[in-house]
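In order of appearance the chains are A, B, C and D, and numbering begins at 1 in each one.
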Amino acid sequence: MLVVMRHGATTDEVRLVVATIEEMGYEARPMPGRQRTTVGLVGNDGHVEGSRIAALPGVAELIHVTKPYKQVSREWRSEPTVVRLAGGITIGGPEVAIMAGPCSVESESQVLEAARAVRAAGATILRGGAFKPRSSPYAFHGLGIEALRYLSEARDRTGLPTITEVMEPNQVDIVAEYADILQIGTRNMQNYSLLNAVGRVARPVMLKRGFGATVEEFLMAAEYIVAAGNPNVILCERGIRTFETYTRNTMDLAAVPVLHMLTHLPVIVDPSHATGKRWLVRPLALGGVAVGADGVMVEVHPDPDSALSDSEQQLDLAAFAALMRDLLPVHEHVRHLHDNVEAGASGVAAPGNGDGLSRH
Amino acid sequence: MLVVMRHGATTDEVRLVVATIEEMGYEARPMPGRQRTTVGLVGNDGHVEGSRIAALPGVAELIHVTKPYKQVSREWRSEPTVVRLAGGITIGGPEVAIMAGPCSVESESQVLEAARAVRAAGATILRGGAFKPRSSPYAFHGLGIEALRYLSEARDRTGLPTITEVMEPNQVDIVAEYADILQIGTRNMQNYSLLNAVGRVARPVMLKRGFGATVEEFLMAAEYIVAAGNPNVILCERGIRTFETYTRNTMDLAAVPVLHMLTHLPVIVDPSHATGKRWLVRPLALGGVAVGADGVMVEVHPDPDSALSDSEQQLDLAAFAALMRDLLPVHEHVRHLHDNVEAGASGVAAPGNGDGLSRH
Amino acid sequence: MLVVMRHGATTDEVRLVVATIEEMGYEARPMPGRQRTTVGLVGNDGHVEGSRIAALPGVAELIHVTKPYKQVSREWRSEPTVVRLAGGITIGGPEVAIMAGPCSVESESQVLEAARAVRAAGATILRGGAFKPRSSPYAFHGLGIEALRYLSEARDRTGLPTITEVMEPNQVDIVAEYADILQIGTRNMQNYSLLNAVGRVARPVMLKRGFGATVEEFLMAAEYIVAAGNPNVILCERGIRTFETYTRNTMDLAAVPVLHMLTHLPVIVDPSHATGKRWLVRPLALGGVAVGADGVMVEVHPDPDSALSDSEQQLDLAAFAALMRDLLPVHEHVRHLHDNVEAGASGVAAPGNGDGLSRH
Amino acid sequence: MLVVMRHGATTDEVRLVVATIEEMGYEARPMPGRQRTTVGLVGNDGHVEGSRIAALPGVAELIHVTKPYKQVSREWRSEPTVVRLAGGITIGGPEVAIMAGPCSVESESQVLEAARAVRAAGATILRGGAFKPRSSPYAFHGLGIEALRYLSEARDRTGLPTITEVMEPNQVDIVAEYADILQIGTRNMQNYSLLNAVGRVARPVMLKRGFGATVEEFLMAAEYIVAAGNPNVILCERGIRTFETYTRNTMDLAAVPVLHMLTHLPVIVDPSHATGKRWLVRPLALGGVAVGADGVMVEVHPDPDSALSDSEQQLDLAAFAALMRDLLPVHEHVRHLHDNVEAGASGVAAPGNGDGLSRH
């Protein structure tokens, strides 16, 4: 539930709303705005009887959030969340975020070579796996903390913020120390202990969609992170599991505009994992940008054929540079189109912000 | 199997190859080319022992087609098939094909109004359902032959070639008389009697992917039509059935470049049926063009809310015009990118034409 | 909608109800019962305003059928449909129906040998494919009418009623002349022309679930056949398409009790096509009987390894006999359990007959 | 790879094999048998060059395990694993294991009442959730350690061993202190940190199949636990996610015989979570036993309608007792049938133990 205060409501009036919410057994999240302050009520798993709050001085109206997710919904916050990183890099703003780098960090030189090349080609963020989830217990599981150091070193030398996966609650602090964005992998999308843990650190988190998860479950998982205190969540569509076996997964590009309608969080696409095939990265990256994604994650390796993991899907440095030469102008060309949609110029109103709102 | 003749092979040599193939119990398809003639061997459901043919005069080499589909494969024909319609309209050429019109033809005035409006906005082909497959036996099943006449009238007045669905073998001749392209719907993708029937008429056929069909099964179904004698087949990706229920189906945009690699047939996308939601047509149409589709099919109705079928997913005329204003420049912008891929300029070689070829 | 007449309503009162329904533009289906007559109203694709009918003399109450399927629903008819064949064979009664025989009819001797052996082992119905739907146009498509004659001959010699697939409307009459049950294959479940055609003949029809179809769509397809006039429809669960590739399809055994709750039609399982693996036929046949299936269809071939189609999944004669030795006693053992469920002795009320009923 | 020693090989010969394997960088697992000792080699993610080992004294032969999972495969160990609990309860032996109890432990009296009732009805193991994974961060997440104490108390009073879910590595020790079996939930099937953690305690682990996981991935996850040192793993089929929405998931009963062929681990079915509907628990439990499951997990609550979680799918005590009255005799009736299969009496050889073996 959202408690919208009157324009000009006093600090004491806001405080009384907060106190009343807490007295009722819920948590209150005051959100000051330009025009007026809103106080969010969380902790409920269903309807809250709001008449007591509605009667408080300074309260303009109550808005019941009808979705099972609350704080990540467009109902809760209509403005898009822009995640801000060092060096002025943003995700969810007007620039397209390009996360590129090797599947696994394999050596200091490998990651540094990749970082320099992807940066030169136009990437804005360096990706690289330190802890690798692998289906076999006997496979290469990443270099761990050593890899975190190499990534950090590559950032210092190139200025690219970094993103890397974290696999268990105990790793969260050390990964947060070295990396700029913490990634939650597809297999851990509903690992609630991990979601809670990354919700308590001061680093943005990129949450990958579970390959068997619906859009609603994806948003519920994001809600865990935000509910634990971390508002800087980035969503990543990386393909879902279907009967089609030609590609590793089926990239659900419709999920991008659907998510943009349902949530204020930025949405990234990962064509490397979605397709599992190097030569499909390019068309699907273009497709992702065309449907309005805020960024693209691409696996790039200086020598893909010798890669220790996912060698089939990593681009080499030249192919990544070629992709960037085409993708950045396409983004430039299409990005105003999605602004038009939001402004209603397309002639088709998305249900958008108002969908599912019931005013008390 | 493909029998490639030497440059300068004589007509008699080609005839001997044909006769030998037929003597072996198969069918022969001579395909004269600029440089040299190729003779396709069909009718086999597995390996053919080719030494007898290889020994014939004028034979340069034998190419075993390794896919279960033959004549639709890129191995069989490397050049893209361009389907040509009256008025110079093409599908599979440099222009993007825009098929637009109402889900069902409901009246003469409705289809004519829609035809004029979509033509003015940039559509190149008029769609409209005369025979409607509906999940309920008690629902509206289309106006039938009356609708065919209205469609034909609208074509005469606007110059737009028409496409409409055919549902059973007995309807094929009458539909072919009135319409320019015959459509096979998703539920009939493996209706082999119908595939054979449309394979025997002199009209292009648009085959929609079964919502439960793999890419390979899709191509096998197209092979039925081509094997029956009709080379003008257009493929249409319209979403597959997955566990995600937010959209009606999950649009498999990766299938577009995959199909372009595996077959020489043109590929269209249908975001209206894939998503089932009006406001998702626009981003997915843009996405389809960005991944390289040769065209887009869009349901457009002068008054969607009063439509007799699929009212949730049809655009009104203004929204379609707005979509065209954005989509055509995006196509203009991206189409050279896909040419680059074929030319190898992307730095990533698609397995393409050579994939799966084994030379004898 | 169902119009329930009062006990003792006169023939004239029933006639007036029928006439009124027809005057309103719908079709009427009078169904005399032991206690009282019911008149079904079909032809509507939504709510019917019934006040005019409710006011007629002799009308006790109106029951609105809330499911999109009408005549196949348990609301429409609470008693199970028992399909009766020559020789006293039933499907949907207390005996388990065992349909066995080769995938394709390959020769007179092959089908006769199979018929004698499966009969000796306990089969009650002979299956065999005359017209075969195959994914490749170049594969063996069945012996056609010749096969129908062999099947018919085998029936005459063994007394086993026969079942065979029909693939197009034009074949319906000839197949109905030779076979006792017409089968609609999984790929044709939504071939509405074919459903209408088999709805007009006086032969029972076995409808296989589309591998991509939901339970509701399955029932809608059955409704087409019943709506066209044929009440003797048998449903067959044969696996659905999922991401699991170990088996050819995923057998949805929960669909058996679900269908028994939603419809009065008998339900058969086909473990041969569901699994695609010979050694899985046995456990899944047992599982099918245990969840309450009214019968099992099994592919049996005198020499599976030489079969012209589906050789991987056909049992040889000895294996089928072994399966019958185990399956029949299991059916004997479990069948009363499902009676208990219907009688409420299980302590868990299935929503059953009453689910979705709204009384006017 | 498995190194099979000659009958009568000396301890020193075995030691030399172990030492050689370790010198080559792998781990060795000596497994003494009645006839002869086998030494497993793990730690490889691909082919191992074995000529050096083959040449050692006492080595009879090398067996390459061709599956990606090793120690859980039937190739590695042909005898079924029987998990033994206090009080002589077994899982994987001739008795069917019945795990029953409430979804969530809600109070001391609730769990005790449920324990006494399910025990009286025939259950052999008490289930109850202490830590609950919920899709909403605001939902009831279980009583935690308090619930563990109640469960433990109920075990002391009824003698039933207990099973409860563990959600994160940090909880493993405390849960292992109180419970007899640790359960890994479907969402955590690929939470590798958790799999490693439960692999290091001396408690059996029941691993639920991920709702989006293939059979092979399921076995790979089990391999993690065994590879970490815990051989007592029980597999649980609980439904997979498909397009069918009538049931919550689609129960994949074919997975039971498939798993029995591929692995020596016991296999349990969970019809409560698979179907999500109370009235479907009974037929699917019978079906599970009929396909050969080693046990059934059923959610039972003294008052399902007031349950704090999953109220739709829990049986009440009377319904559970009725289920047991029917299920136990069915198990008695069918269990010898599956023995027959293993003994080859069914006339259909499952690929079984030998499938995928290549002898060096």
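Assume contacts are C-beta pairs under 8 Å (C-beta built on N, C-alpha and C of every residue); 3 or more make two chains touch, one makes a residue touch a chain.
These numbers were taken from a predicted model, which means no experiment stands behind them.
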Subunit C and subunit B - chains in contact with each: A, D
Most distant chain from subunit B by Cα centroid: D
Pair with more cross-chain C-beta pairs in contact, given A-C and C-D: C-D
Reference interface B-C: repeating pair among B-D, A-D or A-C with over half of contacts shared: A-D
Euclidean distance of C-alpha centroids - subunit C vs subunit D, Å: 37
Whole-Å separation of chain centres (CA-atom averages), subunit A against subunit C: 49
Sites on subunit C at which at least two other chains make contact: 212, 241-243, 245
Residues of subunit B touching subunit C in the complex: 42-45, 68-70, 133-140, 167-170, 187-188, 190-194, 210-213, 217, 220-221, 223-224, 227-228, 241
In the complex with subunit D, residue positions of subunit C that touch it: 212, 214-216, 240, 242-247, 250-258, 261, 274-275, 278-284, 286-292, 315-316, 318-319, 321-323, 326, 329-330, 333-334, 337-338, 340-341, 345-351
Residue ranges of subunit C in contact with subunit A within the complex: 241-243, 245
